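Here it is, the structure, as C-alpha cells.
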Amino acid sequence: MTLDAPTVTRSALWRRAIAEFLGTALLVAIVVGSGIAAERLSTDPGLQLLENAIATALGLGVLILLLAPVSEAHFNPVVSLADAILGRKDRTGLTAPALVIYVIAQIAGASAGAVLANAMFAAPTAISTTARATPATFLAEIVATGGLVLLIIGLTRTGRSVPVIATAVGSYIGAAYWFTSSTSFANPAVTIGRIFTDTFAGIAPASVIPFVGAQVIGAAVALGLASVLFSGITAKQGE
Amino acid sequence: MTLDAPTVTRSALWRRAIAEFLGTALLVAIVVGSGIAAERLSTDPGLQLLENAIATALGLGVLILLLAPVSEAHFNPVVSLADAILGRKDRTGLTAPALVIYVIAQIAGASAGAVLANAMFAAPTAISTTARATPATFLAEIVATGGLVLLIIGLTRTGRSVPVIATAVGSYIGAAYWFTSSTSFANPAVTIGRIFTDTFAGIAPASVIPFVGAQVIGAAVALGLASVLFSGITAKQGE
Amino acid sequence: MTLDAPTVTRSALWRRAIAEFLGTALLVAIVVGSGIAAERLSTDPGLQLLENAIATALGLGVLILLLAPVSEAHFNPVVSLADAILGRKDRTGLTAPALVIYVIAQIAGASAGAVLANAMFAAPTAISTTARATPATFLAEIVATGGLVLLIIGLTRTGRSVPVIATAVGSYIGAAYWFTSSTSFANPAVTIGRIFTDTFAGIAPASVIPFVGAQVIGAAVALGLASVLFSGITAKQGE
Amino acid sequence: MTLDAPTVTRSALWRRAIAEFLGTALLVAIVVGSGIAAERLSTDPGLQLLENAIATALGLGVLILLLAPVSEAHFNPVVSLADAILGRKDRTGLTAPALVIYVIAQIAGASAGAVLANAMFAAPTAISTTARATPATFLAEIVATGGLVLLIIGLTRTGRSVPVIATAVGSYIGAAYWFTSSTSFANPAVTIGRIFTDTFAGIAPASVIPFVGAQVIGAAVALGLASVLFSGITAKQGE
C-alpha cells in the first residue's frame, strides 16, 4: 500500500519477514499479557477490558510507528492481502510469494507472542477454552475488520504520515474493543495466536474458523467501500 | 468550512453523502455499542461512562481523519448548517440543496448506526425510555454544542491540519461527556439516532426536541463568539 | 512568550481579554463539572479523580489549541506574569497594563466557569468547605506550578508548535493531578474560581492564600531553572 | 543517538547533567507520587496500576519533549550506554566520561525524585520491602527493556521528530506497565531510586540486582535486533 514505500523496497524480504514476526509477536504479547494482568488485578470485567484496551491501543500504535519503515507493519494477514490486491496494477503491492511469507511470519509471530506472554506471567501455555463465536460476534468481526481495513486504505490513499497512521490504527482498535461484542480481534494471525493461552484474551479453537471467516468478509466489504469513497482521491502528503 | 477544500470540490455530492451516512452511522455505532458493552461489563455508573467516553473520543477522532478528505466529516447537522452560513459569502460553504442532502444522510446514518450496534450485541432495536430533558441538561447541551461548533470554526479558521482537528474534536467530546450533565450529545442527528436503542446511550423521543433546540441555540452562540474571537485571524497552515 | 506572536500582536487587547475570560471559564467549567459528574456517578475516590483528570487533560489541551492564536491561551496569572518578565527585554511580553487586564479576565472567567458548571449540574453555587492546605500540599503546589511554568517556557523557547504545546500542557496537568498530593491546582485564577463550588473540585477560602503563595514560589523556581537549562537554546520551529 | 544532535553539542556537559538529574528526578516523582495517590484513593489493585500507568505515560512523554533539546532526555543508564556504543564510530555518541556523568546524574536524580514524592505526600522516606524478583519478572524486565531500547534506536534511526518520539516512549511505558509481570521498570536508575519509598511503586533492595541484570540483557538484545532490522535504514526526517 506504500507506507514508506521507498524505504520498503530497500528492505530485503527476509528482513521484512523478521519485522512482521517480531511486530505480531509483540502485539499478541501486549494483548495477552495485559489481559492476564487485568484479570489478576481487577475484579470488574469492564475495568479488565478497559485496561486491556488501553494497553493494546498504546502498544499497537508504537509497534506500527517503529516497524513501518521496515515492513510496512501489517501484522495482519487481511491487511497484507488487501495490500497485494490493491497494489497489483501498479506493482507496489506484495507479490504472491511475499504475501505467503508475510502471512507465515505473522501467524508464527502471533503464536510466539502468546507463549511469551504466558511465560512473562508464569502462566501455562494451554489451549484456550473461551468460546466466542455467536451470530452477534460474527457480525461484530465483520464490522471491526471492515473498519480497520477501510481505515488503513483510506489513510494511505490520502497520504497521511506514518505517525498519524500509527496513532489512528491504535486508537481505532482501542475503540473497537468496546463498540463490538467480539472485542474486535480483526486479525486472523492474532486470532490464531490467541488460541495458545487459556486466559482473559484467549479464544477456543472452535471459534477461530467463524472469526477468521468474518474477518475475510469484513476485508472484502472494506475493499468495496474504499473503491466507492476514495477512488477519486490522490495522496497529498502532509495535507 | 474548507477542511481539505480542494479535495472536497473534487468529490461528487453523492460520494460525500455516502461518507456522511457512513461516518455518522459508525459514530453512533461506537457511542451505542460501547455503551452497551460498558453497561453489561461494569457496575459503577461512572466507570461505564468513562469506558463510553474513551471509546467515543478515540473513535470519533479516527472517523474524522478518515473521511474529512471526502466530505469534510461533519456528521452533524449543526456543523453543516454553520458551514453553509459561514461559507455563503465566498461560496466555499454547502449550498442549500447540499445542506439538505448532508442532513438527511446524517440522520439516516445515525439511525442505521444504532440498529447496527444493537445487532452487534444481540440487543433488540427498541425505542429508548431514558428521559434526559431537564433545565440543567438543556443548559448543558447549549454549552456542549456551542463549544463544539466554536472549536471547529476556530480550528479551521486558524488553518490547523486535519489530523490536529480530528484529535481535538475527539478529545473535546471525550471531555464534554464529563463536564456536562447531559453527557454532551451536541449533535441533532446523533440525538435522533440514539432514540432507536433502549440501552445505556439511548434517549426517549420526548427529550429529543429540547435537546435539539438547545443544540441549535448553542450553534448560534458559537457563531456569535467566533465572529468576535476569530474575525481578525487568517489561516496560516501548520502554524 | 510568543506563542504565535505575529498573530497575537494583531489581536486587540479587548479581544485577547475575552479569549482569556472564555478560556479560563471553560477550563474551570471542565474541572468543576467533571468533578461533579465523577462524584455523583462513581464511588471509588481514585476513580473519581481519574475521571476528573482525563476530562481536564483532554479539555485543557483543546482550549489551548483553540485560543492560542488569539491570546496565547495563558488562562493562568503566573503564566502571564512569567511572560511579562521574560519578554521585558525584547518587548515581546505582556506590558504591565496588559498583565493586569489578563489577570482580571482570568479570575473573572474562573469564577464564572465555576458558576456555569454548578448550573449545568443543578448544583447550588456555594462557598467550598474543602480545606486543602497542609505542608505537604504546599510543597506539592510548588512542584506542580514549577513544572508547569518550566514546561511552557521550555517548549516556547525550543520553538514547539501550538498543537504540540497544547497536548503537552494538557498531558502534564493530567499527570500532575496524580503525582502531587494537592491534585495540582497550579493556577491562582483557577484556585480562586474553585472557591465557588462546594463539590469535588472546590477549595475552602482559607486554603487559597497558601495555595497561591506556593504557586508564585513555584513560578519563581521555574524561572530560575529555565535560565539554567534553556539559556543557550534558540527556537528552531518544527525541529 | 542524535536526538536534536546539533542542539546537544551546543549544551555544556554540566547543563546536560542537570537536565538528566532533573528529568530523572521528576520521572521518579511521577511514578512514586502517582503510585502513592493511587494506593490511597483506590481499592482495586488493577485500578491503582491503571492510574499509575496513565500518569507515568503522560508525564514521561512531557519530560522527554521538554528536555530532549538539552540532554537528549535519556533519564536511563541503558539508554545512555546504547547511545555511547552506537555513536562510537561516527563520534556522535556519549564519550566514556560523559557516560559516567550521565549515569551518576540519573541515579542521583532518581533517588531525589523518590524522596520528593514521599515529601509531597507526607510519607516517610524508607527502604522498600516489596520483593519483586522472580523468574517471570526477570524475563519480563528483559522484554520490557529490550522493547524500550529497540524503540528508541529505531525511532532515532528513522528520523522521527522529538514530539513523536516523546509520545511514543510514554505510550510504550504505559502499555508495558500492563503487558509485563514486572510492571516494566526498564531503567536501572529508576529501579535504584524506587528503593527509597516503601509505597506502591517501591522495590526491595534484594530485587534490584536481578532487575538491573535483566535490564542490561534486554538492552543487549535490543542492540542485536536493531542491527538486524534497521541497518539498511537511513533517517529521513518528517517522513
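Order of writing sets the labels: A, B, C and D. Residues in every chain begin at 1.
Keep this in mind: a contact is a pair of C-beta atoms (placed from the backbone, for glycine too) under 8 Å apart; a residue touches a chain by one contact, two chains touch by 3 or more.
In this text the structure is predicted, and so the values were computed from the model without any measurement.
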{"item": "Maximum centroid distance from chain D, chain identifier (CA atoms)", "value": "B"}
{"item": "Chain B and chain D: spacing of chain centres that average the CA atoms, whole Å", "value": "39"}
{"item": "Separation of chain A from chain D, taking each centre as the mean of its C-alpha atoms, in whole Å", "value": "28"}
{"item": "Of all residues in chain B, the ones touching two or more other chains", "value": "44, 47, 50, 54"}
{"item": "Graph class of chain-chain contacts, one of line, ring, star, complete, other", "value": "ring"}
{"item": "Of chain D, residues touching chain A in the complex", "value": "44-47, 49-50, 53-54, 57, 134-136, 139-140, 143, 147, 150-151, 154-155, 158, 160, 164, 168, 171-172, 174-181, 225, 228-230, 232-233, 236, 238-239"}
{"item": "In the complex, chain C residues that touch chain B", "value": "4, 7, 10-12, 15, 18-19, 22, 26, 29-30, 32-34, 36-38, 40-44, 47-48, 50-52, 54-56, 58-59, 61-62, 65-67, 69-70, 116-117, 119-122, 161-163"}
